[in-house]
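In the part that follows, the structures are each spelled out as structure tokens.
First subunit A sits with subunit B, and in the next complex the same chain sits with subunit C.
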Partner chain A sequence: MRASSTASSAALLSLALLAGRAGAAQITAIVIDQDGLPLADAVVVAVPVQGAPTAPPPAAREIVDQIDEEFVPRVKPVVVGTPVFFPNKDNIRHQVYSFSAAKRFELPLYAGTPAKPVVFDKPGVVVLGCNIHDWMIGYVYVSESPYFAKTGADGKALLGDLPALAYRVRVWHPRLQGQESATQQTADLGSNGRAELSWKLALKHEMRIRRAPVPGMRGHY
Partner chain B sequence: MGVSTATEAGTTLVLLSLGAALAGAPSEAMPEDIFDAEAGVFHDSNLSNAVSADDIVADTALTLAASGGYRFAPGDRDAFALTGDLRAAGFSRFHGMNSVALGGTASWSRKFGLGAFAPWARLSASLAGERYDESVRDGRRASVALRAGERLSERLQLSGGGSFERYRADNATGVVPGISGDAFSLLGRSLFARADYAFDDRWAGFAGVLARRGDVTASTRLNLQIFQYSSAIALDPAFGPDYIAYRISGATSWDFVAGGSLALGDSWSANLAVTRALTYAANNIEYQSTRINASVIYSF
Partner chain C sequence: MPSPRPAGQGRRGTFRFAGLERRIVLFVGGLLIPVLGSVLLVVNEVNQRNARSAIDDGLAVGGRVFERLLEQNNRQLTQAAEILSLDFAFRQAVATRDLRTTESVLVNHGARIGADLMTLVSLDRRVIADNRDRRLVGQPFRFPWLIDAAEIEGRAAGMEVSEDGQLYQLAVVPVRAPEPIAWAVFGFLVRGRLDKEVSSLTRLGVSFFGKTSGEARWTVLDSTLPPEQLQAQEQMLRGDAAHARHSLTVESPQGEYRTLIMPLPERGAIMIVATLAQSVDEVLAPYRRLEIILLLLGAAALAVSAVGGVLIARGITRPIHALADMSRRIEEGDFTHAAAVEGKDEIAELARRFDRMREGLAAREDQIRRLAYRDVLTDLPNRTLFNDRLRVAMELAERERKPVAVLLLDLDRFKQINDTLGHQTGDQVLQQTARRLGALLRKSDTIARLGGDEFSVLLDCGVEAAKQIAQKLLKGLDEPIVVGEHSLDVRASIGIAGYPVDSADPETLMRHADLAMYAAKRGNLGIAAYDSTLGRHRREQLSLLSELRRAIENDELRLTFQPKIDMSSGEIAGAEVLVRWQHPERGLVPPGDFIPFAEQTGFIKSITRWVIEAAARQSSRWRALGMSLKLLVNISVQDLLDTGMPDVILATLKRHGVPAGSLGLEITESSVMQDQAAAIAVLKRLRALDIDISVDDFGTGYSSLAYVRQLQATELKIDRSFVRNLVQDEKNRAIVLSIIELAHNLDLTVVAEGVEDRSSLEVLRKLGCDLVQGYVFTQPLPEEEFRDWFAAWKPAAARTIAA
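The block that comes next holds the complex of A and B.
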């Protein structure tokens, strides 16, 4: 009886340790550009090497705002299946759309927040635009893995609470030159539960449609 | 001329009526404020449109233009705008050309599709009253323009169209018995094309051509030849007591414009445009000018 109790306690302790370890692993990502400067808005995605990621339910509500005729945030990473609302916080109307293969949609001209979100049900990059304000551009990165993070102004991103597994880790950025798959690295968190990865990305110039006024071409379109 | 005037008036009336109807339904249309302002320096190497080199006068002006109003979007592809427009110019030498113009513009725009690369068209009608320091040039200007364009890439946009313009002078006073003194009333129609190209995030360039057919007003010192080919003659004290303005009908003008624009943020730009204008008419009448416009534009 006593031996049985001890064994049960040991098993519970092992499970607790495993559970704790599963949530403690993390990847620290550092992304810089070709000039060595920290790169913000890079999406770092970790995909388990073996087996499909055990995705938690998508977030109930993600948001991409429109503020001062720009998308905020400009890059929004979400896991596949996530509904995203597009609140318009300007005092004018917007018409958000995308032609991207991962999600084609069009929100008819609106003010405020549309009643229904857009559900991003396929992985990939979704480029956002506004049909009224051509210079507006934003990105929804739809990840097949729930393990992702976006770099801040310091070029760093922390992927925390990961199961202690081996991962293929890649990076995407709106100005990434070349294929996203070419950025792939591996990280095995099974040993000490931590890994630090870094990338130096070659960026292409992003030509945005001009917003500033030009003589003789006032008004929209 | 009568048909064109009726067309302008009719189009303006339709656009203004539509605007008034939309303004009466703000909850549905949700008007968007629009405001543009431009301040600059303008130089014309032949302000008098003179044919003879002896009569050419050049001058430089400080200019100001502002336009504000509302834009309505009754549908996903259409937009209607109503603005009040103010323009003013103050010349350094020929103060008689100092002017203020006050008017309004109604425009209707349609985008034929979704996205930044969908072709678009805009029909606009403007009316303005113009006042000059030398009141002989005072009058009312009406214009109707149709412009269409398409952005071919993030860098390049092409556009073109046509316009009718009429200027009716208020104070036509004849100086020669039997010859009209309405030398400043003009009618013209134009075709134009333009390319806009963004070199990078801040610098953009543009080039265009405008071909105009219609009346022009030229000024000269007393010149008996003008009685042979002018349909209207008036005194033109803006350039001096011995200047006479005369109207030439059926003139063809070519304006070639090129310029650059430096973005100073999302709403501001500094701009420079140079226009080479060539005008030809019957009886070997020909004059040219170079106009330079440097300006700062704000767009809200």
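The block that comes next holds the complex of A and C.
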């Protein structure tokens, strides 16, 4: 199903590219899980089929908060070269780290916002952890393309203001089973500037660590 | 003597008593053995059931404990592994992908929780590092299913068999950074850890077996059991046994094992089964000890009961044996053995009664023997025993050619003592005599009392020696015998006969001694030895009796008369009638020669009747001639005991027409003694007939005047022995005087007989004697001469004589 729609939309995309560079084209992505439920926090990335990716825009500062011993947002897609601040909104210290190949770093125990942001200079998935709170997990998706969006609770993501080009569109999700590349679809926005793509993702079993009990409260939540 | 009981009978008795012991033992055993046996069976049954139920309970609990322990260990292991895997340094090292560092971190952190196996597995399930063998690196992980489970559960644990065949409890956790980047596997060797723990908690034998599904045999992975038992268990597991959890019993050379089979969750290619085993014997051991104790107690109780039974039986049978033994002895005449039975029970009581019975029997038999062989009065052998001993002695003497002598001793005047002083005195005289004689003899000599006052002595010597001994015996009797207030002169006559000189057989020897004794008595010899002439004399005596009979028939007896003169008037007051025997061949026989013999034989009664008849006839004749005088007839003991006597006298007097007053009777005081009451009754009747009674020979016996009065006497005749020497003997005079005075006080007439001279006569007159009789006037005279003398008698002359 997915393959057939991709083939037809790829033809359309090449036309759209020619039609104009003006960013009026958009891709609407709908991601559901294997049970057909809308999947939030899926990152949809669109990469133009032709031409090098556009140069990254001036470094916009991004933020991944630590609120209530969780990373907020849990999934943060950024374009390569984006500096990200990890402000600590809790009244305890955190020690954020990553062993991911895309970005290894470690922020020693800190409170408040560290002075320097972490610059994610390589595309890839960076898994964030806190060395103090084992259950804390967050993802910074470093995209080589500036065209990406994250699904909301309804499983929809809108990639707007796109040049009307043909795109390879892929989806990533923390629980994505299999290779990210396998999700790739093409969307040619050249024809009518709009494309609607949908993914049904097989998800891995979630292996989350339980939260530690909160002092003063009984049990876990 | 009864013949001894046949031996078999006694043995049969013994056997029966042994049977009592056996019966008691059999009874006790028969009672105890089934009871103890049943108790043991029941106890054994209950114990077995308890033990088996305890074993199954223990196995069920053990199974739960095992599972809990397994679970708990898994959890602990997993938790420890998780904590390790979250260690930042560990994660960092793993994340670096530096093999050496990763390996050392793995080993280091594994050591923290004491893990035996540490493996790091990549997400694509290949071994990154392993503490055991580096060659494993790059190989596929052996237990991918664990990771499958861990991917879902976040962690996984289980029992697995490693490459080297060791059983491990494994935990698999992800290494997070913070997403899983690898799998950390930590394992504990089951051997020496889990097995020990289970075993010590449950006290069960723990074993683990494993096999791949294709194999038939199970491999022992680990066990706390001995190898032989394992083999049995392995065999048991073959087939379907390992498919479900259940318990069964396994027999092995070590005994019976109750085994709980617990298949572990099957995940890989290797099936693993855990077994918990309990030795039935081990559980039964305390019960077995209890049973052994019970058995021992039972055996002890049985033994004690048996011994006790035997003892009780012995306690019963031994006294019974003793009693049986005693009664057998008694049967054989042996009374000496007491039944040796002690105690207070019934048997002892029976034994005491038996003993008393035995003593009674012994005493009575002794008594009987004494009565048979002993003289009761003197305790000397009696005639039977003496004859027996004499026979034995003579038989011995014949063999050894030795002499034997028999003394026959008879007391003189004993009859008189008996008559006058009573039987009790007589008996004491006999007893004392026996003692004296016995004291003079040797122990070996036998002295016996043959009866009455007759003793016999058996001596082992000749006649001459016997004479000396007889002499000694007589001398021993010289001393008066004192009985109460009486001092009695006892004299004896002894006859001696000897073997072999006098006779060869005991009876004849005794008869000869008897003859000798009579000869001694008659001749007043004291001692006489037998000689052949004595036998003849005896024969003479026998013929005397027939001659006496003939004498009465042929009227050979004659009366003589001796007058009694009244001292005051000089008149003839009467005459004593005496009897003579005009023997056709021997001439005149004096009364002393045949009257004692007639008294002995009882013929005296015939003589007395004849005399009374003759006297009455004479009195009648003389009265016709004008001669009126009282005739005094002597009567004997036998006459006094003849109750018909008074009637005979009365009839005789009537027949001759003679008044009773003209007849008097003379008795001796001793003649009354034999049967006083009868004699006195006769005397009273005579006295009632107005027949005077005169007591003859007064002073020679032991009677008193009071006694004389009892005899109804009217007259007293002082014995001639007092009268004879009256002139010279002052003592006699005093006696006579006192007799006269006392007699007069009692209103008795006093007669002095045997007066031979005038001086005596004079004395008597002075002493107040009433009547006098004797040679001074005349000797006894036959009828015609007396008539003449009577006619010639001048009373005045008599007075003159007296004067």
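Quick note on the criterion: the second predicted complex is superposed on the first by the 186 of 221 C-alpha atoms of A that agree within 3 Å, B and C clash if a C-alpha of one lies under 4 Å from a C-alpha of the other, contacts with A are read in each partner's own complex, and residues count from 1 in each chain.
One rule holds for everything that comes next: a residue touches a chain if its C-beta (ideal position, glycine included) is under 8 Å from a C-beta of that chain, and two chains touch if they have at least 3 such contacts.
Since the model is a prediction, treat every value here as computed from it, not as a measurement.
S.K.: Go through the superposed model and pick first if A:127 touches only subunit B, second if only subunit C, both, or neither.
M.R.: Second partner only, subunit C.
S.K.: Once the shared chain is lined up, is A:209 touching subunit B (first), subunit C (second), both, or neither of them?
M.R.: It touches subunit B and subunit C both.
S.K.: Check the contacts made with subunit A and report whether subunit B or subunit C touches more of its residues.
M.R.: Looking at subunit B versus subunit C, the one contacting more residues of subunit A is B.
S.K.: So, does A:153 touch the first partner subunit B, the second partner subunit C, both, or neither?
M.R.: neither
S.K.: For A:37, using the defined touch cut-off, is the partner it touches subunit B, subunit C, both, or neither? Pick first, second, both or neither.
M.R.: Neither partner.
S.K.: After lining up the shared chain so the two structures overlap, which partner does A:99 touch, if you call subunit B first and subunit C second: first, second, both or neither?
M.R.: A:99 sits against subunit B and subunit C alike.
S.K.: Looking at the overlay, does A:108 come into contact with subunit B only (first), subunit C only (second), both, or neither?
M.R.: In the superposition, A:108 touches subunit B alone.
S.K.: Hey, what residues of subunit A end up touching subunit B and subunit C alike?
M.R.: 97, 99, 129, 131, 134, 205, 207, 209
S.K.: Taking the touch rule as given, give the residues of subunit A at its contact with subunit C in the complex, in rising order.
M.R.: 97, 99-100, 127-131, 134, 136-137, 174, 204-205, 207, 209
S.K.: Which of the residues in subunit A end up touching subunit B in this complex?
M.R.: That would be residues 91-93, 95, 97, 99, 106, 108-109, 111, 129, 131-132, 134, 205, 207-221 of subunit A.
S.K.: Contact residues on subunit B for subunit A in the complex?
M.R.: Within the complex, subunit B contacts subunit A at residues 30, 32, 34, 36, 38, 67, 71, 73, 75-76, 79, 81, 107, 109, 111, 114-116, 118, 120, 122, 149, 151, 153-155, 159, 194, 196, 198, 200-201, 204, 206, 208, 259, 261, 263-269, 271, 273, 293, 295, 297-299.
S.K.: Would you tell me which residues of subunit C are touching subunit A in their complex?
M.R.: Listed in rising order, the residues are 86, 88, 91-92, 95, 151-152, 154, 174, 176-181.
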